[in-house]
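Here come two complexes built around subunit A, the first alongside subunit B, the second alongside subunit C.
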Partner chain A sequence: MSDTSTIRNYKGSRRKWSATTRRRFSCFLFVLPALLVILVFFLFPMLRSLQYSLTDWDGIGKEAKWVGLENFIWVVTESSFRQVFINTFYLIILYVPVLNVIALLLAIAVYNVGKVGNVYKSILFFPNVLSMTVVAFIWKIIYSYNGILNQLFRAFGLESLAQDWLGQAGTVLPAMSVSIIWFAIGYYLLIYLAGLYNVPVEIYESAEVEGVNPVQKLFRITIPLIAPSITINIILSTIGIITLFDLPFVLTRGGPGYMSETIALRVYSYAFVTLQTSYALAMAVILGIFAITITLIQLRFLRRREDVLL
Partner chain B sequence: MRKKKMLGYHRRRKLLINLVMLLIMLALLMPLWYVLNNAFKAEQEIVRRPLVLRPQDFTMDSVIRAFRALKYPARFLNSSIILVVSCFFLVTLGSAAGFGIALSNSRFLNRIYTILVAIITLPFQLAMVPLIFMLKAMGLINSYLGIALVYTGWFLPFVIFLYTGFIRTIPKELEESGRVDGCSLLQSYWHIYLPLLKSITGTVLILRGVPIWNDLLVPMITLTRSTLATLPLKLFSFIGQYGASMTRWNLVFGGTFVVSLPILIVFLALQRLFIRGVVSGAVKG
Partner chain C sequence: MKKALLVLSILLLAGGLAFSAGQQGGQETVLLTCAIHIPDIPEKFGEFLEIFASENPYIKIDYTTIEDVETFLKPKAATGLMPDFISINGGDFGADLVDRGILIDVSNTAAAKNTVDAVKPQFTSPQGKLFGIAGGVSSSLVYYQKAVFKDLGISPPKNWDEFLKVNQTIKGAGKTAIIITPVDGTIANTAWSHGFANNIVPSNTDYFQKFDKGTMNLDTEAHADVFAKVKMLADRGYTQGGLLSTAYMDGNQLYVQGKSVQHFAGTWLAGMLLPTEFETDVYPAPWNASGKTKVPIVATETGWGVAEGPHKKEGIMLLDWLNGPGFHYYQNARGNIPHVKDPMGEVKLDAKIKTYIDDVYTYKLTAGLWFEFIPAATMQLIPKLYQEVLLGQKTPREAAAAFDKAAKDAVK
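Showing the complex of A and B:
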């Protein structure tokens, strides 16, 4: 590097520190304010969560007594935990594959139509800029007994399909998933589209000359070549759905009963509704471990697939 | 001959895709039209004609009532202040940190950068509870500064990631030539680099400003005084007043419409920027 030459440009190079060290230090000073805010308002509270989840801390009293895994055992053996865990898992299954398949197919369609695609992109992306509070209220009315969905079913003579979508154990999570997909799809579509634009056009052209059919094209060319986008999207959408709060909270608040309650909602209710702070911390730690584990598993699996496919 | 045939095939395929897309677009737009047309009718018309707005039914009544009940101007102001303060922190601290990381060759800062990237995906819920107690102890509950610091701590790792990635694409010679001319690091940050960061700052504002503007969770737990409520928070409590049954649909539609209006206008004006922002953020992610 040009470090030796720059030393000469500094008149006060006789100080104790070499120019390189001084420069590194001043670079560090640029990072320091951001680092402090992240440490104080994000990382430190996280470490506190880990620490206090092993105590009976209630947030107010000064003394926090070590209780080991007691909080974890309590929240996990609580009678509805099994349901909450199943809900979280079921929602991932209802959301991630459906979202990604539809987003990818729509991205391919948008890619193929040329300029009109810009209009489609805007329409598909628009719900994503709305507040999830707004989105949840819209869908709450759509799904309600006299809402537009049931009205349409009745209008087309499908009376039997009209039902209380958010009020039944069997339909609430699929219905919730649809509303989240409607909200989120534009974002994931744009990521896929960016991946598609990175594929050299010549590959498709030569495939066409060879007479490759569309299905083969999708599985043999498109998917392998945009594998990195698929990896990003699957991981982002999984973390997104695991930690999602606003939309399910406004849409159902976990109801009916706790048939649509997820781990993320339960952290909130322990912390701010029933005010059981130490249980909230244990639940938050479970959420964190769950999110990190799933991400790591997916990352490993998807990266390996990327290698195989390429 | 063969080429002509292929062109015909392409055109037909395009037409077919467009037809299917048109239907999908209509389905996607339906929930929005449902809100839009019903925000401008009387309550009893909503169930009777959910998707048609007849001129003789048009009324601003629900919108005006929702606007008043939400105390809209005050909520708008709260949301705006929180947005501006948070974004100010994110952009200044984030760009400075990105600048420092990208220009230093120190292994230490690179290691910090790796850690920052790794914590982007950590769930906010993991920090939430101790954070609230800490804010209470610091007197930062019910404060614009407090909520802005929460967003800053939460989103800075991602913002630093974006800025660092961008600044690394700028040739280092730029800073080196500045140094030869006697620019201090601070001067070259301010005079040379900051003007180059306009587009990435746009991306940052879109990718993190929109979620801040729309957020419900953080205002709900940090702003307990009702006069400080943001637009989404107030909408939530306002509609909540009508209970789970949500009997007053006209007010729900009027309320969701007025709350969405600012972002709708901004989106229509800056569509390209929004879409480019998401794409450039994602490609780096």
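Showing the complex of A and C:
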């Protein structure tokens, strides 16, 4: 049987397709739906947003006059932008390391405890099943001035610890971080567990024979061998926190003042609160550039580290 | 052949039944989409809509509650997916929508003819189109626990100095004096609007026009005092714990639970705040200086509008019903102040609110609520500025200057 198909082109003359061409065409057809989704729902809106961010489009009408970089200059020179940027950066510095350290330690703790480990994994993963909005409402009740946390402190005579957790500049971001970590820990724990299960058991056995203690095992064996999982988790958690919107929106609306407002929340605020769509788009572009930059820096550093460790 | 004919007959019969089900009394069924902002009685409002639908069987209602009018409607307007019947606030957002033809001009509806003229300007666009009908007349005032006042031997204050003394007495008795909610627009509905009314309106009676033109000067001591007053209340310990995390419904719940002696809130909450376990009374907010005549607030509540589209006729029918034969359902549930000339049913207005508003109507000079005249782009700024002042991040004068700049920039 011939390994080529014969088709007729538009002039009616015969044209032969090789097996390779047929295979490529089939692959293209399989990929086409996903590609169309990406083009229509991601790439096109992204490019249009970039286009409109350079205009004075009001978000409703059809008119859009070119203004160049005016919107970008306005949003970054606006008086509260500095605080918003600091908040976003603060959350990255606070949330990413704390989350990953806790997730890794918990993964190590539940990794080899037998069947009861499944119960622990379920409990730890449960918050991740909830929507971020529900999580925010739960923690809003917990952190409320007359909420569970303060009531517990008062009940145990620790009145001085009862605070307005979400209403003070010094406590709002750490409080928010705790709620995000509670939500996300299960997800990252699973990735670390997947990495741990890939580490050959024999390595630990021979390490034990050689008298390596648990701390040395962790730093000399476990962490180097799960470096790819660490890379994935750090990148994902960074992107997650940079683009975080729903939890701060429900929990604090960016307050008090601008003390918990993130760049993502600022985009929403421009688009739907102050109704300044062109500023919202400029801010969204800035957010995108910021996220890409941070991610590329992290990727470069972590990949290099992986190569060294492995 | 026979089987084929039988199948065809069944299909035709089924099709005919389906077609007639979509028809009501010869009219095609209309699905009227309604997006309503009514956070205090969302389920009840749904019941009102069902009553309307039962009186007009060919209309089916698709009802959605919305938290924030402008936030919800803006993307809908941008994508051409406006619900048929919507909540809308007085101010420039609605004005913009009607001038673009996204909302219809309801000037010639029965609802408009049955609405008092005083609440129409806020819903009128620069092109003279009426884009909505107010949901009621609104004001903000102080709700208070009558028994506590009696026990402490105090009476409702008439000016700011007396107000401070009353709060001090309440604080001295170990109670929370007053609830202030700086987290959201409630602070603007209350402290800011009253501060603006008393400090600025008397010498700027054309403030609506000045805001429109961007000539309203707010970088003044008088405007700074509007922020300073709330800071004073907080600094003296008169406000509730967790001040900077108390939002609209949190504050209402705190008062209903009896955790504060006074609550500064809107008249639209009368239905929730008056029928408490303890007796509640009201008094006009004493934001005027001693010796100066109070400038009370007379404003509009969130109202309703109709979108341009294939169902605008049914939208107008609902608008006329809500502001006509169906008005008493809505009004009785909320206990708010009627904006209609003829309520066409029994109005249940608490005697205290009636006394309050009758008194307010006697004042020569009144002012509107913030959202009716400040530029839409500055709306979120008021609560934020209060929060920054309360955090000590800005002085009241800096807050005044910041708002002044933003209001002028918004018009450029």
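Convention: the second predicted complex is superposed on the first by the 275 of 310 C-alpha atoms of A that agree within 3 Å, B and C clash if a C-alpha of one lies under 4 Å from a C-alpha of the other, contacts with A are read in each partner's own complex, and residues count from 1 in each chain.
We adopt the following convention: contacts are C-beta pairs under 8 Å (C-beta built on N, C-alpha and C of every residue); 3 or more make two chains touch, one makes a residue touch a chain.
Just so we're clear, the structure is a prediction, and the values are computed from it rather than from any experiment.
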Please indicate which partner A:257 is in contact with in the superposed arrangement: first for subunit B, second for subunit C, both, or neither.
second
More residues of subunit A are touched by which chain, subunit B or subunit C?
B
Return first, second, both or neither, reflecting whether A:169 touches subunit B, subunit C, both chains, or no partner chain.
second
Which partner does A:213 reach: the first (subunit B), the second (subunit C), both, or neither?
neither
Subunit B versus subunit C as contact partner of A:27, first or second or both or neither:
first
Figure out whether A:120 sits in contact with subunit B (first) or subunit C (second), or with both, or with neither.
first
Can A:276 be said to touch subunit B (first), subunit C (second), both, or neither?
second
Have a look at where A:77 lands relative to subunit B and subunit C in the superposition and call it first, second, both or neither.
neither
Intersection of subunit A interface sets (partners subunit B, subunit C)
59, 144, 146, 271-272
In the complex, the residues of subunit A that touch subunit C are 59-61, 79-80, 143-146, 164-169, 252-253, 255-259, 269, 271-276
So in the complex, the part of subunit B that touches subunit A is made up of which residues?
6, 13-14, 17-18, 20-21, 24-25, 28-32, 34-35, 47, 50-51, 89, 93-94, 96-97, 99-101, 103-106, 108-109, 112, 116, 119, 121-134, 149-150, 152-154, 156-157, 160, 176, 179-180, 182, 185, 189, 210, 213-217, 221, 231-233, 235-236, 239, 246, 249, 252-253, 255-256, 259-260, 263, 266-267, 271, 274-275, 278-279, 282-283, 285
Contact set on subunit A toward subunit B in their complex
1-2, 6, 9, 23-24, 26-31, 33-35, 37-38, 40-46, 48-49, 52, 59, 106, 109-110, 112-114, 116, 120-127, 129-134, 137-142, 144, 146, 148, 151, 182, 187, 190-191, 193-194, 208, 232, 235-236, 239, 242-243, 245-246, 249-250, 264, 267-268, 271-272, 277, 280-281, 284-285, 287-288, 291-292, 295
Quick one: in the complex, what on subunit C touches subunit A?
68, 70-71, 74-75, 77-78, 93, 96-97, 100, 102, 183-184, 240-246, 250, 259, 376-380, 383-384, 387-388, 390-391, 393, 402
